[in-house]
Amino acid sequence: MKFGIVVSEGPYTHQASDSAYNFVKAALATGHEVSRVFFYHDGVNVGTRLSIPPQDDRQIQEQWTALAKEHELDLVICIAAAQRRGLLDQNEADRQGKDANNIAEGFRISGLGQLIEMGIQADRTITFGD
Amino acid sequence: MSDVKKFLYVNRKAPYGTIYAQEALEVVLIGAAFDQDVAMAFLDDGVFQLTKGQDTKEAGLKNFSPTFRALGDYEVTKLYVEQESLDERGLTLDDLQDIQYEDEDDDYEEKPSIIVVSRAAMADVMADQDVVLSF
Amino acid sequence: MSTLHTVNKSPFQNQTLISCLGHAKAGDSVLMIEDGVYGAMSGNAMSEVVAGLGANIKLFVLGADVAARGIDAGRVAEGVTSVNYEEFVGMAASCDRVQNWL
Amino acid sequence: MSTLHTVNKSPFQNQTLISCLGHAKAGDSVLMIEDGVYGAMSGNAMSEVVAGLGANIKLFVLGADVAARGIDAGRVAEGVTSVNYEEFVGMAASCDRVQNWL
Amino acid sequence: MSDVKKFLYVNRKAPYGTIYAQEALEVVLIGAAFDQDVAMAFLDDGVFQLTKGQDTKEAGLKNFSPTFRALGDYEVTKLYVEQESLDERGLTLDDLQDIQYEDEDDDYEEKPSIIVVSRAAMADVMADQDVVLSF
Amino acid sequence: MKFGIVVSEGPYTHQASDSAYNFVKAALATGHEVSRVFFYHDGVNVGTRLSIPPQDDRQIQEQWTALAKEHELDLVICIAAAQRRGLLDQNEADRQGKDANNIAEGFRISGLGQLIEMGIQADRTITFGD
């Protein structure tokens, strides 16, 4: 079965991204497919490579990047939500005249249409948020 | 499964204190381009999103409430509003914006988009969906 | 010696206003801001609870947040005073401490 | 045709669990996760409300979140089934849709 | 005003679902170096922060609950816990961690840091502060 | 009178930073002093210069930067909260081996001690959060 996942809150501040990560791992481990993980609202902040969590805590961005690499997950950050919150890739930074970008490996920025498309293509859509 | 899915956007939060109402609308507008069977649900504090006369000037916020009146142009024409949620908050239909759409199957007659339903009927609406997105 | 309390949560969704009113002392002021302003409306399921718990407390609401939410000024409950940001500042200055109920 | 509902808010602080139980249909499943797991505890001010509203609904709680919060497994209310993440996935797959109450 | 202020850290939220409990502790630990008169208040869902036996392994979270037992070493020795909040949640003192401090004025005897108070007494504690920080 | 202000939530997502901004403006307009604004929890995200809000919306970071310039406000971002969430200045980026920084003009990063110090020095401490 194909799952589509929405993450609506930022890392550490809410448990949502942890719960989503645990769900995705369990889905993959039990033979399901995860067609996409869509980061919306503050969820876009999961995809910054500039975070430096305490060493004795889980490394949320690195967990997602590693899981995406291992399972070829499609981690999509909503462009509209990301612009409001200051999450950019190089392409966006160039286009908007910003002097830096902060997106982490394994994530890509795209439009809200990718959320709707995920809802259409996945058998089940599940949101982790607040 | 047919090519068209039933999408329900569930709104349970008040506007302005948090961004969920505003960013939910952004999803609905983009989603309208996908030719799915779309509806919105307003219950609990979500009914506060639809009040008329919102004036955000002094608070320094962006007033996104006019967007609700544009939904008809995007063929988003089913806005289910829960009666019990209105009652608990002392609101009536008169307190909400007059949101209409032009029915192209009926000589473009203007019809109301807001459908006030009981809690039981709202539960039926929810149970009849393929995809439920919550905000 | 009095406290200015602020509450920014809707009482229909969240217990914070009830908790604040249950801890405020006679003569304290409670100012409802942001989504907290719904606690200042008359004629709903919470109005009597708020009026009862707030009987010995001075109740205020931030007018800017009332207007933003489309609440007609006439819907603000009797006994609740609407203030602007300058008055909010003045209240914070004239009390002995501010406690923000989040 | 049934729905899996998830709830992630404490019922002591927030009305979401009550609203979810008021909209779930007979035969639906409600899974309490994150701070929602407090809704699955027995012997408190919410227990009877949850049991009453949930009478025709299958109630579940995420064991990992129960353990994180130091709730002894024996404190989970009768009639609430503890599941792990794999079972959560299985429930999501076997229902017709998932509705997340945020 | 004397040089020492009374600081109260108010905790009303459950742990783990959100970060407030954990980041409140970080403030308290840093604040301990400033030689102020410090106390913590636990009420509403905040009392859940103090439960014993928290095991975050399967949830994949950082277990910060041992930090509460270290507060005594930082001379944070007054943890007011509201009786009514415990009662509503079906909790007793037995469900909470045993948090102690060594009283240097009393031959370093170990004494309990948790002080269970009624709601009325909690209101008195709150009304007796110079600075109230809420989490 | 001297006010100390705490902002505990991120911009746009919560109204907290807007309310704090309105309060600070009103305090300054009525002759009070604002000794410091301390950004904690997700509040640190107010200080990113990479955000690109819609043009017809308020520009929250720019509002703070301008107000700080006009009134010499001390806008302090908590270093521990900022590290978790990926908010860095150049100094921190160098120290942590990160290849970019994202702090906006008018903000500075410092320790939690600055919050306690503010509480000690200010006549009133007020928190805007969630």
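Read from first to last, the chains carry the letters A, B, C, D, E and F; within each, the first residue is number 1.
Definition applied: a residue touches a chain if its C-beta (ideal position, glycine included) is under 8 Å from a C-beta of that chain, and two chains touch if they have at least 3 such contacts.
Predicted model only: the values in this text are computed from it and were never measured.
Engineer: If we look at chain A and chain C, which chains touch each of them?
Structural biologist: Intersection of chain A and chain C contact lists gives B, D, E, F.
Engineer: In the chain contact graph, what is the shortest path length, in steps, from chain C to chain F?
Structural biologist: Minimum step count, chain C to chain F: 1.
Engineer: Relative to chain A, which chain has the most distant C-alpha mean position?
Structural biologist: C
Engineer: For copies chain A and chain F, work out whether under half or over half of the interface numbers are shared, and give different or same accordingly.
Structural biologist: same
Engineer: Going by C-alpha centroids, which chain is farthest from chain D? Tell me that one.
Structural biologist: Of all chains, F has its centre farthest from that of chain D.
Engineer: Using the touch rule from the top, work out which pair, D-E or B-F, shares more C-beta pairs.
Structural biologist: Answer by contact count: D-E.
Engineer: On a C-alpha centroid basis, what's the spacing between chain A and chain E, in Å?
Structural biologist: 34
Engineer: Take the average of all CA coordinates in chain B, do the same for chain C, and state the distance between these two points in whole angstrom.
Structural biologist: The separation of the two C-alpha centroids amounts to 29 Å.
Engineer: Would you mind pulling out the distance in Å between where the CA atoms of chain A average out and where those of chain D do?
Structural biologist: Whole-Å distance between the two chain centres: 26.
Engineer: Return the residues of chain B touching two or more other chains; collapse runs of consecutive numbers into ranges.
Structural biologist: Only 12, 16-19, 44, 59-61, 131-132, 134 qualify.
Engineer: On chain A, where are the residues touching two or more other chains?
Structural biologist: In chain A, 12-13, 15, 22, 41, 54, 125, 127, 129-130 touch at least two other chains.
Engineer: Where in chain D do residues touch at least two different other chains?
Structural biologist: 8, 12-13, 15-16, 34-35, 64, 84, 97-98, 100, 102
Engineer: Any two chains that touch count here, so list every such pair.
Structural biologist: A-B, A-D, A-E, A-F, B-C, B-D, B-F, C-D, C-E, C-F, D-E, E-F
Engineer: Show me the residue ranges of chain A that touch chain D in the complex, using the header's touch definition.
Structural biologist: Within the complex, chain A touches chain D at residues 1, 3, 8, 15-16, 19, 22-23, 25-27, 29-30, 32, 123-130.
Engineer: In their complex, what parts of chain A are in touch with chain E?
Structural biologist: 12-15, 18, 21-22, 54, 56-58, 130
Engineer: For chain D, which residues count as touching chain E in their complex?
Structural biologist: Those in contact with chain E are residues 8-10, 12-13, 34-35, 38, 41-45, 47, 63-65, 67-72, 75, 84.
Engineer: Touching chain B in the complex: which residues of chain D?
Structural biologist: 1, 3, 15-16, 19, 22-25, 28, 97-102
Engineer: In the complex formed with chain D, which residues of chain B make contact?
Structural biologist: Those residues of chain B that touch chain D are 10, 12, 43-44, 119, 122-123, 126-127, 129-132, 134-135.
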